[in-house]
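Chain IDs A, B, C, D, E and F follow the sequence of writing; residue 1 opens each chain.
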Amino acid sequence: MSTVALIQYKDAPPEVRAVFDDIKRTRNVPDVNNFWKALANHPEALRRTWETLREIMRPGALDPLTKEMIYVAVSVANNCDYCIHSHTASAFAKGMTEAQYGELLALVSMAAQTNALANAMKVPIDPQYLAAP
Amino acid sequence: MSTVALIQYKDAPPEVRAVFDDIKRTRNVPDVNNFWKALANHPEALRRTWETLREIMRPGALDPLTKEMIYVAVSVANNCDYCIHSHTASAFAKGMTEAQYGELLALVSMAAQTNALANAMKVPIDPQYLAAP
Amino acid sequence: MSTVALIQYKDAPPEVRAVFDDIKRTRNVPDVNNFWKALANHPEALRRTWETLREIMRPGALDPLTKEMIYVAVSVANNCDYCIHSHTASAFAKGMTEAQYGELLALVSMAAQTNALANAMKVPIDPQYLAAP
Amino acid sequence: MSTVALIQYKDAPPEVRAVFDDIKRTRNVPDVNNFWKALANHPEALRRTWETLREIMRPGALDPLTKEMIYVAVSVANNCDYCIHSHTASAFAKGMTEAQYGELLALVSMAAQTNALANAMKVPIDPQYLAAP
Amino acid sequence: MSTVALIQYKDAPPEVRAVFDDIKRTRNVPDVNNFWKALANHPEALRRTWETLREIMRPGALDPLTKEMIYVAVSVANNCDYCIHSHTASAFAKGMTEAQYGELLALVSMAAQTNALANAMKVPIDPQYLAAP
Amino acid sequence: MSTVALIQYKDAPPEVRAVFDDIKRTRNVPDVNNFWKALANHPEALRRTWETLREIMRPGALDPLTKEMIYVAVSVANNCDYCIHSHTASAFAKGMTEAQYGELLALVSMAAQTNALANAMKVPIDPQYLAAP
């Protein structure tokens, strides 16, 4: 189904293994998920993407669960099957409750609705929204 | 620029005024923003949209600022000019810090990147993500 | 603002003028709109696009107004500023009433909402929808 | 495959059963389709979404088949697998002919094409399209 | 799974066979792929789409492999499963190397990232980009 | 218009100036364009984004003009106003001819068209496209 072969740890070159090791250590998982095995066909892209993701998903001004829920929301809007599955699972693993998931779904679909309405009517932007923040 | 005329309070029929009054009361603002004035051309849509939005944006399992940031994230992914402007302004008004905004931007763009990669490679979904939650 | 210059009739080569003439005759308008003037930078694309559009917008199993409203709906979903403006204007010119426009807006935004929900939850397709029509 | 469990009628709480009953009665079907069983995990979202959909799909200024075809068109543009399947089936059930379906497909793909062209060239909007309707 | 039946050569009317024959001759393949068998339900759309595609994919100012890679890039951005599979396979058949594919993936995902950032921040367009080319 | 202030070189902190200097040196330009001035509000995102972009746009298995054209194609599909303007201008600066630009436009719009058709009909993927490359 995939357009690329999945690279398993035992078949991976050293620079790929190094990234896989870091993912497993950082996330405390026994194996990396398919996204990384697919990306491993391109070791430079693998390293770059993982390093950026690790940095961005680190707790910061936003807590890890909030970050994961925002990731789900964007993945739904961009309609990425794999990412919806993996990030929804991650959000539940990080403690998302059914009530929070329900509100997340409501927000994503409500935003899609008003996005469509505002785009359809080409609503002029109110002056107060244009001031530099 | 708009495909519809903006309906001002003074020119609005009673059922539109009732919604405008509720928006102003709920948000504690002197006037409604252009989105509602545009939607007021269709009083039923105005009422339905406002009632749903009011219910969804109410504090619940997610706090109002988190909700607003998710709204921004989806609006960026859906590329709605008006909504990006209005919800970014609302998020700042609800206390979003520059650090939080920076992380929100990083998340939205990182998700766009991995969404594209996973879609391009048609990564097969790992079995553990397919189990019912 | 445009990435290309707009080609005016008086400056156009014969093969562009021929298409412009056909557009004006078919639509009974004194001049072509900017889309065609922009596309005229690439005469082959101009000819191909116009011939296909003329064929598709012709009355057939669907009447011209229904066609125009479907065009508006897709242009909103694809978020094309120019096309939303031009096809909304065309729909009104072909007799779309305010009530019809209100229902069109409601449909486009409702579909955006349920599209997001079904994509987010990855709803399995019911067997009856999979049967060949 | 779904990120949520499907709620069957016999396992549903009363407020979900009430909505399921209304869907079955309104559509004259023996069971609700999977979309509603998935959404039933969030009874408030279920009720809200159904009530809005029922109101919007009711015959009005647009007839039910036209509404269904517009729903298909938007679902294609938003690329919602489930919705494309379910609404295409509904449109055929409401009497869409093969000829109408062919024209619908032609419109959706033609609009996608000119949407891309107008967005790529950033065609300036003609003054006559900017006048308030 | 498909919303239409696939039309096989032996069951096709003459005008469909003529297009199938031209596709097979042009591409030097023993049978047409499913896209054309699906589109064959609407012979006029089949003919129009094939004639345009044949003209556009012909070697011109851009070589066939570059064209195919651009086609993959757009199909990823538009998230078309079928097209990603078929055009990635075609690009490999036309000589795309793994290194080129890796750079193509990197470009598509990088563009998605900066597209999201520029849209999110509503970056004003620099004057030098607005001059007519 | 922007949701953020543009950071000018003279007002930028040292870590931002270092990135600006590298952009100017790499591209041989007197000043950075607005995208970077906007992103400079978040110095870490600025550094990360620039370093990745510099690496990806470097000549490799694909030449710089091909890369720029692919960037334009994705930006059109993602409908990013700023990116369409800036990358179209960059492609012309790197030697894109009018004929190449015309073919690029034709490809982007043709792909949008067949993407919509394949998504609409849910064309089943041919077995030969599913084999691991």
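Please note the rule applied: a residue touches a chain if its C-beta (ideal position, glycine included) is under 8 Å from a C-beta of that chain, and two chains touch if they have at least 3 such contacts.
In this text the structure is predicted, and so the values were computed from the model without any measurement.
Considering the contact criterion stated above, the chains in touch with subunit C and with subunit F alike are A, B, D, E. At the far end from subunit D, in terms of centres built from Cα atoms, lies F.
Superposition angle, subunit A onto subunit B, using Cα atoms only: 180 degrees, a multiple of 5 between 0 and 180. Over half of the residue numbers at the subunit C-subunit E interface are used by both copies of the sequence. With centres set at the average Cα position, the gap from subunit E to subunit F is 20 Å. Note: centroid distance subunit A to subunit E, computed from Cα atoms, is 27 Å. Centroids built from CA atoms put subunit E at 34 Å from subunit B. Chain contacts: subunit D has residues 1-4, 44-45, 49, 52, 76-81, 84-85, 88-89, 102, 105-106, 108-117, 119-122, 130, 133 touching two or more partner chains.
Touching subunit A in their complex are the following residues of subunit E: 79, 84-85, 88-89, 98, 101-102, 105-106, 109. Those residues of subunit D that touch subunit B in the shared complex are 1-5, 44, 48, 52, 55, 130, 132-133. Here subunit C touches subunit D in the complex through residues 1-4, 6, 33-35, 38-39, 45, 49, 52-53, 56, 60-62, 66-67, 69-71, 73-78, 80-83, 85-86, 88-89, 92, 97, 99-100, 102-104, 106-108, 110-126, 128-130, 133, going by the rule given at the top. Residues 3, 41-42, 44-45, 49, 78-80 of subunit A are the ones touching subunit E in the complex.
Those residues of subunit E that touch subunit B in the shared complex are 72, 76-77, 79, 81, 84-85, 105, 108-117, 119-122.
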